[in-house]
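Below, subunit A partners subunit B and then partners subunit C, in two separate complexes.
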Partner chain A sequence: MQFLERAALDALFDALRAEGRAVLGPTVVDGAIRLAPIDGAQDLPAGWTDAQGPGHYRLRRGGDATFDGYVVGPDSLKQVFFPSKETLYRAERRADGKLGFSPVLPDPGASAVLGVRACDLAAARIQRAALEGGPYAEPRHRARREAALIVAVNCTRPGALCFCASTETGPRVTEGADLVLTERPDGFLVEAPTQAGRAVLARLDTRPAAADEVAWVDDAMREAAANMGREVDLDGLPEQLFGRLDHARWKIVAERCLACGNCTSVCPTCFCSTSEHPSSIDGDEASRVRLWDSCFTEEHAYIHGGGFRPRTEDRYRQWLTHKVGAWVAQFGTSGCVGCGRCIAWCPVGIDLTEEIAALRQGEGIAALPAPPAHACATDEDLVPRAATVTRVERESDDVVTLHVAVDEGLQGVLPGRFCQVSLPGIGEVPISISGGDGALLEHTIRAVGRATDALCALSPGDAVGIRGPYGRAWPLEALAGRPVVVVAGGIGLAPLRGALRSMIARPDEFPEVHLCYGARSPADVLYAKELLGWMEVPTMHLHLTVDHASPAWLGHVGVVTRLLDARSVPAGASAMICGPEIMMRFTVERLAQLGVPDERTWVTMERNMQCATGFCGRCQYGPYFVCKDGPVFSFDQIRFLFGEEGY
Partner chain B sequence: MSARPRLGIFKMASCDGCQLQLVGCEDELLAVAGALDIAFFAVATSKKDDGGRYDLALVEGSVSNEEQLAHLLDIRARSDFLVTIGACATSGGIQALRNWRDVDEMIRVVYATPSYIDTLATSTPIADHVPVDFELRGCPIDKGQLVELITAFLVGRRPAIRDESVCMECKRAGATCVLVAKGDPCLGPITHAGCGAICPRFGRGCYGCFGPKERAAASALAAHLASGGVPAEALVRKLRGFTAWAPAFRDASDALDEG
Partner chain C sequence: MGTPASADLIGDILLFAGLTPPMRAKLAAIAAVEPLPAGATIFEEGDPAGDLYVVLDGRITLSVRIPGEPERSILSLREGELLGWSALLGRKRVATARVVLPSQVLRLRRSELLELCEMDHDIGYVIMRQAFEEMADRLLATRLQLLDVFGPRKR
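Our next item is the complex of A and B:
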C-alpha cells in the first residue's frame, strides 16, 4: 500500500493520460453525480455530498472530501461497457439482389474509469457472466471492458440506501480494480492489485504507507460495513420467492409501481435489451440497433397473440424473482449488489429491501432446478449470414416451408434447434429447423405478423439472413430404445418433423413411433404428402385430428389430447410435445395419467426472443433462458413454473 | 401513372402543427415524395382530394363538429391504413378540456354571435368514431417517429414506436431524473415515449403530451406526488393538459377532482 498526497491527485490524471487513456469519473451534472469524461481533479465532486432516500436524491455542499462525501449516482460501469443504444450490424441489398451484412464492432480507445465502488465492480462481474460467460460471448462488451482501467474507491461512508455488506459485494474493493484508493483527510492510500495498476502507480510520486495507515484502512472498512443504511437477508430467498408466487405483497407493491422501468435502467446488473431495424425509405440500407429494455415494459413478454405479463404485479414479480431469485441458479450469485440505486431512482420510492422483508414473511418454499451447464464461450457478434431461398412450398393458406441455402453453410443443424431468420429493415424472428442439414435448411413459417408475413411472401432466389442454429435439440439419444409418442398442435409439427425423419431413418433404435397431430382444419394439416408417405412406414403410427372438419374429412374431430390412449401411448413410452402452451399443459397431464413420467416428457417453450444467445434477457423463464437452455426441456425441469400466470 | 402508394394527410380540429412536422422533415420529405404519391396534403400542396382511395391516410385533429365526423367517415371508407397523428387525433387534444364544461355557456361568453358557432359538445379522438390502424402520439408528433412510421409502412415492418414510459428514453439518453433529483412533478413514468424525453433533458418535468403509456398508473403517481406536497388542483391541471381526455389521465384527474 502506498500513500498519495491529496495535492498530487492531478498527477494521477497525468499518469492516465500518459498511457493514452480517456478518463471518465464522477462529476456533478444537472444536480446529480454522474459518470462523465473529466479532465482533472478539479472536475471531481470535491465538497459535494448527497442525500438519498426512496425516490429521493439531492446534492448539497458539505465537507471537503473528494470521493467520500457521496456514494453512487445513477450511472455505473453498465453505461461504459453496455451502452444504452448501439448498432449491431448494417445490412445492404446489393445490386445483384444479395444481402451484405457487416458487423459494427466498437473500437474503444484505452480508457480509465475513476471512482468506481465495490458494488459496481461486483455488478460488472455479474454483467460479464451474462454477456460473456454463457455459451456465447458478446465481443462488443468484451472490447469495451478490456479497454478500461479501473481506479476504484473504498467506501468509508456508506449512504442511507447502501446495503453491500448484506450482499457481500462491499464496501471494500476486492475484485475488478487496477487501482484502489481509500480517502483520508490528508490524501489517499493506494493499492495496485494488477500489473496495469502498478504501471500507473509507478508514474506517481507516492511513499509506502505506514503500518498505522494500513491498519486504519482495515478499521475504516470494518466501520463502514457496520454503518450500512439498509440491510437485506438474501439467505434462502430464491426458494422463498418461487414458493410464494401468490404472496399478497405482489399486489400491494403493484398498487404503487408505475411499471416505468427506472429501477432496471439504473440497476448496474440488469442487462435486458430489445432491438429495432431502422432502414432507408426504400429498405435497401438497414441496420439492427440494440437498446436497453426493461422487464417492466409490455413488449418484453410479447409474443404473437398476447403478452405473458399484462399486469404490473406480474412485472414486478418477474423482476424481483429474477434479480434476487433465479439469478442465483443462473449465475451463482444474486443479481443485487446492494447499491440502492433502484430505491433512490424509483419515482415513487419503492424499496426492494422492504419488499424482500415483507415477502420473507410468509409460507412456501420451492426448490429451483439448476439450468444446464454450458461449454464456454464462443464469440457471437449477432450478425446474420447471407442466405438464399431455393424453394418455397406452400403448406396451407398461411404456412409455407422455405428451403434456404446458407452461403457459408452452418454447423449443428439438428431438429429442435432454431435459427434467427431475418429480413433487413423488417425484423428477425426465431424459427425452428423443420428439416435440412448444414447446407440447406428448411423453415416452416406461419404468417402471423410483419416479419413472418414478409418471410412467407418470399420466392425462390430471394435473399434472407440466417444466424444460428441456437438452442438444445431434441434428445434423440436419450429417447432411443423406447416407444416414442410425438404430440403436435398446428405449426408445432415443424420443429418435430426433423426428429420424426431421424426416428424413421433409425428403426432399430425407434421401433415404435406414434405421431398424434392436431390441426385447425383439414386444409391446415402440414406436410400432407410426407404424412401420407409415413403411413406406409412400419414403425410409424399416425393419429390425426382437426378442430373443424370439412365434409370430406373422415378422421377424428376434437382436441389432440383425445388421441392419447393406451394404443397411441404404449407402456414405457417417452413423449415429445410442441404446440400452444395450453395444449401442452393438457397433453402433459393426460400423458402422466397414461404413465409417462415428467422426466421422459419433452416439451419446447416459446418466449419473445431478440438475441437467441442469452444476452437480451427476453426469454428468461425461472432459472432458464429459453434460447440457450431450451427451447427443448424435459418437463420435470419446468413443471414448477409451467402454466403459472405471469411467467 | 405510378404504382406508388397514395398518401393523404387530412385534418379535423387541430392546429396543423403535426402536419407541419412533415414539411419540416426537409431531408426525408424528398425521399417520402419519391416513394409515395402525396395525393392530398392541404397545408403543403394545392391538390384537391380527388375522391380516390388512399393506401395510407394520416389524420390530424379531433372530432369536434358534425362536418368533421362526416369527413372522417368518408376518409376511413377510402383508406386502407389509417393512422391518427398527434394528441388531438389520439386523445381529443387540448380542446377536449371543454368536455368538462358546458359548451353552450362558453359559446355565449366567448363569441359575439353565438349562432355562427356550430360545434359538438365534446372534442373526441378519432378512434371513438372509426377503427384506427395505428396511433402516432405527441403534441406535436415527433419528426423521427413520423419518418419511421412512413418508412415502416413502405418497407413492411412493425414501426419501432415503443409503448413504454418516457423514463425509458430519459434513462437511455442519460438525463438526470427531475422528479427524483429536483422534486419536479413529472409525468414521464406514466407517459408514452416518443419525444426523446425532451423536457426532462432540459430540466423540466414531462407534460404528458404523448398521452398515457400502456398500464399508465396515473393515480399511483398522483398519490405519490400528493404525499410530497403537490396540491390536488395542481395535479388535476397537470393531468388535464394536451391529452386530458385520454382515459387513464381523465379517470385519475376526475378522481382527484372529486377528492
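Our next item is the complex of A and C:
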C-alpha cells in the first residue's frame, strides 16, 4: 500500500492521460453526481455531500472530502460498458438485390473510470456474467470493459440507503479494480491489485504507507460495514420468493408502484434491452438499434395477442423474483449489490429492503432448479447473414412456409431450435426451424403482426436476414426406444415437423409415434400433403382434430386433448408438446393422467425475444432464459412455474 | 331395430365398468345394438328428449345451427363415448347428431332407463356418475374451444 498526497491527485490524471486514457469520473451535473468525462481533480465533487432517502436525492455543500462526502449517484459502470442506446448493425440493399449486413462494433479508446465503488464493481461482474458468461459473449460489452482501467474508492462513509455489507459486495473493494484509493484527510492510501494499476502507480509520486495507515484502512472498512444505512437478508430468499408468488405483499406494493421503470434504469445490474429498426426513407438502408428496457413496461412480456404480465403486481414480482431470486440460479449470485439506487430514484420511495423483509414473513418455499450450465462463450455479434427465399408454400390463408437459402450456410440446424429471421427496417423475429438443413432452411410462419406479415408476403428471390440457430433442440436421443406421443396445436406443428421427419426416418429407434394434432379448422391444417403421406408410414399414427368444421368434414372435431387416450398414449410413452400455453397446460394434465411422467414430457415455451442469445432479458422465465435454456424444456424443469398467472 | 345387447357387451363398455354382472343384465335388457350408415341423422337440434346412446365404433359428430351461418360441427364422438345425455334430464336435444363414418351404437331406451335408475339407485348412481364425468370432460373441452387458443384470426 502506498500513500498519495491529496495535492498530488492531479498527477493521477496526468498519469492516466499519459497512457492515452480518457478519464471518466464523478462530477456534479444538474444537481446530481454523475459519471462524465473529467479533466482533473478540480472536476471532482470535492466538498459535496449527498442526502439520500426513499424517493429522495439531494446534493448540498458540506465537508471537504473528495470522494467521501457522497456515495453513488444514478450512474454506474453500466452506462460505460453497456450504453443505453447503440447500433448493432447496418443493413443495406445492394445493387444485386441482396442484403448486406455489417456489424457496428465499438472501437473504444483506452479509458479510465475514477471513483468506482465496491458495489459497482460487483455489479460489473454480474453484468459481465449476463452479457459474456455464455453460451454467447457480447463483443461490444467486452471491448468496452477491456479498454477501461478502474480506479476504485473504498467507501468509508456509507449512505443512508447503502446495504452492501449485507449483500457482501462492499464496502471494501475486493474485485475488478486496477487501483483502489482510500481517502484520509491528508491524502489517499493506494493499492494496485493489477499490473495495469501498478503501471499507473509507478508514475505517481507516492511513499509506502506506514503500518498504522494500513491498519487504519482495515479499521475504517470495519466501521463502514457496521454503519450501513440499511440491511437485507438474502439467505434462502430465492426459494422463499418463488414459494410465495401469491404473497399478499405483491398487491400491496403494486398499489404504490407506478411501473415507471426508474428502478431498473438506475440499477447497475439490470441488463434488459429492446430493439428498434430505423430505416432511411427510401428503405435502402436500415439498422438495428439496442436500447435499455425495463421489465416494468408492457412490451417486455408482450407476445402477439397479449402480454404475460398485464398488472403492475406481475411486473414488480417479475423484477424482484428475478433480481434477488432467479438471478442466483442463473448467475450464481444475487442481482442486488446493495447500492440503494432503486430506493432513492423511485418516485414513490418504494424500498426493496422493506419489501424483501415483508416477503420473508410468510409461508412457502419452492426448490429452484438450476438452469443448465453453459460451459463456453462464443462471440455473438447479433448480425444476421444474408439469405434468399427460394420457395414459398402457402399452408393456409395466414400461414406460409418459406424455403430459405443461407449464403454461408448454418451450423447446428436441428428440430426444436429456432432462428432470428429479419427484414431490415421491419424487425427480427424468432421462428422455429420446421425443416431443412444447414444450407436450406424451412420456416413456417403465421402472419400475426408487423414482421410476420411482411415475411408471409415474400416471394421467391426476395432477400431476408437469418441468424442462429439458437436454443435447445428436441432431445431425440433421450426419446429413442419408447413410444412417442407428439401433441401439436396450430402453428405448434412447425417446430415438431423436423422431429417427426427424423423419427420416421429412424423406425428402429422410434417404432411407435403418435401425432395428435389439433387445428382451428380443416383449412388451417398445416402440411396437409405431408400428413397424408405419413398415414402410409407403419410406425406413424396420425390423430387429427379440428376445433370446428362443416358437417362435410369426416375427421374428429374437438380440442386436441380429446384425442389423448389409451390408444394414442401407449404405456411407457414419452411426449413432446408444442402449442398455445393453455393448450399445453391441459395436455400435460391429461398426459399425466394417462401415466406419462413429467420428466418424459417435453414442451416448448414462448416468450418475447429480442436477442435469442441471453443478452436482452426479455425471455426470462423464472430461473431460465427461454432462448438459451429452452425453448424445449422437460416439464419437470418448469412445473413449479408453469401456468402461474402473470408470469 | 337393431339386435338385443348382451350383458357381456355391456361389460366391455368402459362407461359401465362399475356395474356388477346382475346390473349389466338389467341394462342389457333395455338396450339394443344398432348399426348406422354414414350420412344418417340420429337426432336433430330441438327434437324432444329421446334415447341415450353409447358409441361402440365409428364416428358421430354433433353440430349446431348458427342463424345466418352454415351448420357447424363442434364435437365428434367415438368409441366409448356417450351421446344424447339430455335424455337423462328430459331436455330437448341441444345439437344435431350425424353419423360421419359407418358406426355402431348401443341404444338405451329412455323411459325404461329412467325407470331402471329410479328402481335401482346403484345402477342409477353409476350411470349418472359416468354421465357427469363425460359432461365434465366436455365442459373443459368446450372452454378450451371458447378460449380460441389459436389466437384471434386477423383477417
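Simple rule for what comes next: the second predicted complex is superposed on the first by the 646 of 647 C-alpha atoms of A that agree within 3 Å, B and C clash if a C-alpha of one lies under 4 Å from a C-alpha of the other, contacts with A are read in each partner's own complex, and residues count from 1 in each chain.
The working rule: a residue touches a chain if its C-beta (ideal position, glycine included) is under 8 Å from a C-beta of that chain, and two chains touch if they have at least 3 such contacts.
Bear in mind the structure is a predicted one, so any value in this text is a computation, not a measurement.
Participant: Let's test your reading of the overlay: on subunit A, do subunit B and subunit C clash or fit side by side?
Facilitator: fit
Participant: Determine, under the contact definition given at the top, whether A:376 touches first (subunit B), second (subunit C), both, or neither.
Facilitator: After superposition on chain A, A:376 lies in contact with neither partner.
Participant: First (subunit B), second (subunit C), both or neither: which does A:252 touch?
Facilitator: So A:252 meets neither subunit B nor subunit C here.
Participant: First (subunit B), second (subunit C), both or neither: which does A:344 touch?
Facilitator: Only subunit B is touched by A:344; subunit C is not.
Participant: Applying the document's definition of touch, where does A:562 land relative to subunit B and subunit C: first, second, both, or neither?
Facilitator: second
Participant: More subunit A residues touched by subunit B or by subunit C?
Facilitator: Looking at subunit B versus subunit C, the one contacting more residues of subunit A is B.
Participant: State whether A:29 touches subunit B only (first), subunit C only (second), both chains, or neither.
Facilitator: first
Participant: In the superposed arrangement, which partner chain does A:426 touch: subunit B (first), subunit C (second), both, or neither?
Facilitator: A:426: touches subunit B, not subunit C.
Participant: With the two structures laid over each other on chain A, which partner does A:277 touch: subunit B (first), subunit C (second), both, or neither?
Facilitator: The answer is first: A:277 touches subunit B but not subunit C.
Participant: Identify the partner contact of A:553: answer first if only subunit B is touched, second if only subunit C is, both if each is, neither if none is.
Facilitator: Second partner only.
Participant: For the overlay built on chain A, what is the smallest gap between any CA atom of subunit B and any CA atom of subunit C, in Å?
Facilitator: Least C-alpha distance after superposition: 15 Å.
Participant: So in the complex, which bits of subunit A are touching subunit C?
Facilitator: 304-305, 397-398, 447-448, 489-491, 519-520, 524, 545, 547-551, 553-559, 561-562, 579-580, 582-583, 586
Participant: State the interface residues of subunit A toward subunit B in the complex, per the touch definition above.
Facilitator: 29-32, 34, 55-59, 74-75, 79, 84-85, 255-262, 265-266, 276-283, 291-294, 297-299, 310-312, 344-349, 425-427, 449-451, 453-454
Participant: Over in the complex, which subunit B residues touch subunit A? Could you list them?
Facilitator: My answer: residues 28, 31-32, 34-35, 147-148, 150-151, 154-158, 160, 162-165, 167-168, 171-177, 179-182, 186, 188-190, 203, 214-215, 217, 220-221, 224.
Participant: Give the list of subunit C residues in touch with subunit A in this complex.
Facilitator: Residues of subunit C touching subunit A: 59, 61-63, 70-76, 78, 98, 100-101, 137, 140-141, 144-145, 147-155.
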